[in-house]
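In structure tokens below, several structures.
In what comes next, chain A is part of two complexes: it sits with chain B in the first one and with chain C in the second one.
The block that comes next holds the complex of A and B.
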């Protein structure tokens, strides 16, 4: 083996894609052109529910390719979990902006000017999740005897908490180019999960093509918004390319992207919690409702993760969590960083502050006595190991943020401070990783070593971090490791790039592949081996740790191999006249197991926290008649530089022995904590807010409730009764 | 239309009411300038016209007649680019060219507030802006030893 000893893991090495991005040379979907390329467009429904009676094309058909549901050679579905979502409407319309007809033309002006009239038979839409009679998925988690313990509890505290939809606002909208090639089809695009798109296209196109190839282009942000949705836009471009025989590009403009694509599931969570007078949680009864939108898409698994996290990082022997995801006539809601857990942990963490208020306890003390410790069991009965850091992150955050002094200084009624404690399961839930059976490979080349996975670089640093893991496991310089562009014809299926699994799970498979390669090449350096023997490819598959036990029927067992842990302290400043809340400094103490690349890890925490600050205070999806009414960046506001406070990140490294170099998942973790910490900071000013986004209107209503809310040790807010 | 593009005199035939963004990307094949929203909110399409940062999605091509246009491809921004690389100021990278063009107007040793104001029209959804401030702070450090910033990356 080579004598190379310098390690890459743990250092903030130069990211593989850094210069390409800083110089503008990196190529995104819209930067690609192909000879003879047409532009594609989707004609969409304008009603939330009904049937299509007639379609009239009021344009000169010259040069147009037109596709409707009859042009689909295979199955008219977007293949995912239930296959209930059609690619193109046949008769029934279930939401505004549902795709009905596809057009392509070489001239974009003519394409956009083409007028299509659609006659509908109107139906009555279901727009309120609480009254929906169609349940996509029920989940029930049961531990101990909740009813008996609630009945016997010294105090029972109840509450209902709401979270709104959230739009991903990746700065690059969805986009793909479909290109006919050798009897088959290649799709290049802004895609998180190339094999999801591959499977959807194979189902859609059937025997009409001899192969499908999906290639990820540089991707301008995903956050879950390019997890399942790209199958839809890719299907549309593919159908147009197949019919026209020419490359077809579809790039959404911002309005189409916001109105037609997925959003974070809105939620309503009810808590009923039995406690002792000194603050121990004795029984928790939790009801979770998520609005799935018009089709099943990923709602069952979003609900699953949300439900599993709904009891928060707390010890309690008697827990019941009942969850359901229901249909409404809106665009399907889908994957978004955190995947259900930000919603349920928002509810839990605000509820914890309400328990503290009711008992007259300090919110930190309440969390300290209830935080999960190694040896405790979670709601699903998972016994936690030494990689549990709830208490440590809590104590560090209190210390580094100066929480106690700031909390004591909230008397002015303007500056508040709040706290949240949270956790996030790494990788797919339960037996999900076993079913995925992900594979990853490394290959010797004349230049060095190449990493082959379907994990996508969407900004989070996949290429860099995978190269670091392989470099150290193989004992070669980081610079000699290249990472192949994900192309389904070249790379093994490493599972989707989601669920905080890319470092811990796929990185772990790569580490094993590299270790095996190191054994196989023996004393040679990779370059020597290549010169003597030619290329060598080693592929490894996910192996589940033997101790993991999970029962999908009862939802009992080890829900995740490990968890990331975090604590946020948020400061806010309230304008007593406008009731606007300005976020102040946010402290984030997070246990990531091992920071493979500290600067990337910090970047994930900072960026995720900023997205969560927007979720808490600014990002309001206004729904009108089943459609997003503010589908523009002018009136759907995400945090700008001026809205984003300083974010202090402290990384804690309590390793997970099963992760590469001890790493846990971290991408979603920062989405869970800031919203409840901010709302708890507003609550520290005496305003009874229980929902997000915490807009001034919400604060005004909450202030009106304030007289009944005034409790010992808390001043009535100056805004009460205005 | 005759104008100066990245330091070279050019003559580009395009409809005067087309968006400068489209003319740059399609007619001039300079795809480093990105479109994020098409309504002047996100700043991904920021370029310099006569040294001023503007959003090219809101500029009709006619307005660049006789002017000096700079895009990321021709920007004298190596120090910023290197620092964005070193400090992970770019994650997904789609806002990065616009962010760098907007940052070029900042003087040496900018304060956090000056950076926030200069970049207020440039949205980033990945970083929370902190790494961008670190990168710009490094690139604009008054006593930088070398303009190319060859300090070690680790």
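The block that comes next holds the complex of A and C.
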């Protein structure tokens, strides 16, 4: 047995990717060049709906590779859940910026200058999700007898809440290089899920290649935006590389990335809630509508997570949640940190403050009496264990933030404070992890140990955190653990890097592999063992805890192995002249089970909170005729440092016994709470806002409805003179 | 970068005289200095011009000086040099306030007042300052020099009365009496384009100008008259509503701009009347 005892877990060790990124040595997709490489370009539709009648190429074809749908050797689909999204338009156009034709050329300027005219037969687009007749997915969650309890309730509170789309704004836009090799094809790119891309390419290319290899290059952020979308850009580069026989690079600029790639699903959530006069939730009827955009992509599972979280972290015996994701003629909406849960929990948490208002109760008290406790059941009937921390995070946040005093001081009409309580299921929903059957491996090398997974480092700390887990499970120094670059020909399929699963699920598999390796090498140190026996590779597969039961048909059972819990207290300052809301201090108390790397964990909470503050107050995807009209960073506004308040993060470590060292999911959790906390803080100033982004323009309309609310010396805001 | 750049023509005159000669003999050119606006269009592939005149090296256009009682600002004075100039800080503090809020540091280092004026965006942050200050634009050609009152410079949305052979060489700001005030309402706390922007000077004859409330910067003469005549702020706000014509765009709404324009005028007047008048 190794005698090394210094622990890495729980310490903020140096990041594995830190030096390469700090020194500029890390190679991103656009840093790669290959001999004979061409540049690729995507010709896209300019209409939201219709049919392509004719394509005219008004350029000298010399040196160009041109690909249309007839060049696809396999199936013309981007393989995902439903396979309804074509890689290239055949006839029907379903959204603006839909790919129709691909061009490649060695000279970027010639590529840029190539003029293509497309004639369309225009169709009538569906741009309003509420009127869409095409439903991608229905979900129904049923617990108890909602109708009877609503009818008998002492009070019924209703409300409708809306959330807008959101752009990921990863710092590095989507980009890939496809390289023909030995009868096959390698794709290098900025991607979260190499095996998703692998599967999509195999389906697309069929027998035209003898192998496909997908390699993740250093990636400048993802936030879900590089979960499913990279299959699209990789497919385009692959087709051009296959036809030209040369490496092809496609790198989107910011404008193309914003107009053509996925956004967070806009939502409309309606609540009808029966309560007792003293504030107990007796029945909840929730209707969730999500705008899926033009193709199914991941909408069914986004809807699923959104629906499961729609009743919030509250105990209630009678719950009905009806969800549907519908088609509209916009670019497909897709994965984004939180995956449906920020939308539905925004609605729930703002609704809770409206219930408190209607009953004359303090919002904290209302949450306290209803918060889920160990032994309670969720909407799907899951019985919670001792890893449930709703009440603890609530009480700690109230205490740490000085909520009560600040709430009492809101009557000046300028400084408000609001609260939100939230939770987030860790890992894939329901039986998803069982179906993924993820694998991860570790291997002895002459330098130490190498971690082999398909989990990607996208800035969140995957390499560092996995190395920490393996170091401690194996009893070796953190510095001796290397993490392999995800290359689908070398690493096992550990599932996608999504769903707050990379630490808890994949880290857990690695911990088991390392424990097994420790047993196999016995008293030797890894170096001794390697010298005597050569390399040793141990691979482990996900094992679902036996107690987990889930029924995909009825949506009953254990939706997630565990949950992260959180409570935000947000302070805001309202400018009465401009109705701008400046966020003040934000308190975030979060239960992450175990912070494997405290500095990275706090960084995830701070970064996620900042992203959620943007979602709440600034980030407005302006859609015109089905296309993003502000697809540039000058007009799609994310928070700068000056827009981001001080964030007090308190980590609670209530362990999940099934996670490595007790860790739960963490990456998405901070996205759920800040928006409703901020909107509730605005509500504390007497302004009834029920949608985000809560722009000054929205507050203007809401304050015009507010009795007695005055801005800048006016009795009422007016539009005099119009 | 979506524009083909290898076919663009860039001339680099070594003097103002040479620049003016090039404009007269080989024009038309689009003059550029910091290129902070131009690059946005170049990057998006929306730039239609193909011939450019690079004024950036022309040091004489960077002067900040007093000519008698008039503050003269060379066309190539950058936002950074405005914020560092004691003369501008003393004479025209509202321009310093405006300069501090334009873009980020890199933009402030490259962006010039001449460029801001010539670009003519109704959201240009320095334009209300020049409008309120009764500034004069000095336009020079190879043969003539003329002084155009700033408020007469724009003939419509992003168009000016400048001739193709003329360059803006300076902006002249007469002595101002009264407290100056500038406020920008952007889409966020920093690095934002204005939803609405105001510059104002108090005193017996208050002066008010606003940006982003019409196709060109608006000097709010009717509101000024209402204030000067002692008709009260409500009348001034009502008058202001008759001289602005805001629209809905990707940044804001006409409704918001109308209400907040009025609120800003109230804020200005509350400040102006709430402290001792310098000329009282």
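Everything that follows uses one rule, which is that the second predicted complex is superposed on the first by the 707 of 722 C-alpha atoms of A that agree within 3 Å, B and C clash if a C-alpha of one lies under 4 Å from a C-alpha of the other, contacts with A are read in each partner's own complex, and residues count from 1 in each chain.
Here is the rule we use: a residue touches a chain if its C-beta (ideal position, glycine included) is under 8 Å from a C-beta of that chain, and two chains touch if they have at least 3 such contacts.
What you are looking at is a predicted structure, and each value in this text was computed from that prediction instead of being measured.
Contacts of A:610 after superposition: chain B is touched, whereas chain C is not reached.
With both structures placed on the common chain, the touch criterion links A:599 to chain B but leaves chain C unconnected. Once the two complexes are laid over each other on the shared chain, residue contacts for A:642 go to chain B and to chain C alike.
When the shared chain is aligned, chain B and chain C each come close enough to touch A:634.
Contact with both chain B and chain C is seen for A:253 once the two complexes are overlaid on the shared chain.
Look at A:13: by the touch rule set out above, it reaches chain B but stays clear of chain C.
Within the superposed three-chain arrangement, the count of touched residues of chain A is higher for B, of the candidates chain B and chain C. Contacts of A:459 after superposition on the shared chain: chain B is touched, whereas chain C is not. In the superposition on chain A, A:170 makes contact with chain B only, while chain C stays out of contact range. Of the two partner chains, chain B is the only one touched by A:223; chain C is not.
On chain A, the patch touched by chain B and the patch touched by chain C overlap at residues 253, 632, 634, 639-642. Chain B contributes residues 25, 30-39, 41-42, 44, 71-73, 80-82, 84-97, 100, 112, 115-117, 119-131, 153-154 to its touches with chain A in the complex. Chain A makes touch with chain B in their complex at residues 11-15, 17-28, 30-31, 168-173, 218-223, 253-254, 458-461, 599-600, 602-603, 606-611, 632-634, 638-642, 644, 646-647. Only residues 1-6, 40, 43-45, 185, 187-193, 195, 233, 237-238, 240-242, 250-253, 255-256, 258-260, 262-264, 266-267, 270 of chain C touch chain A when the two sit together in their complex.
On the side of chain A, the complex with chain C involves touching residues 109, 112-113, 253, 255, 576-580, 582, 618, 622, 629-630, 632, 634-635, 637, 639-643, 696-697, 700-701, 711-714, 717-722.
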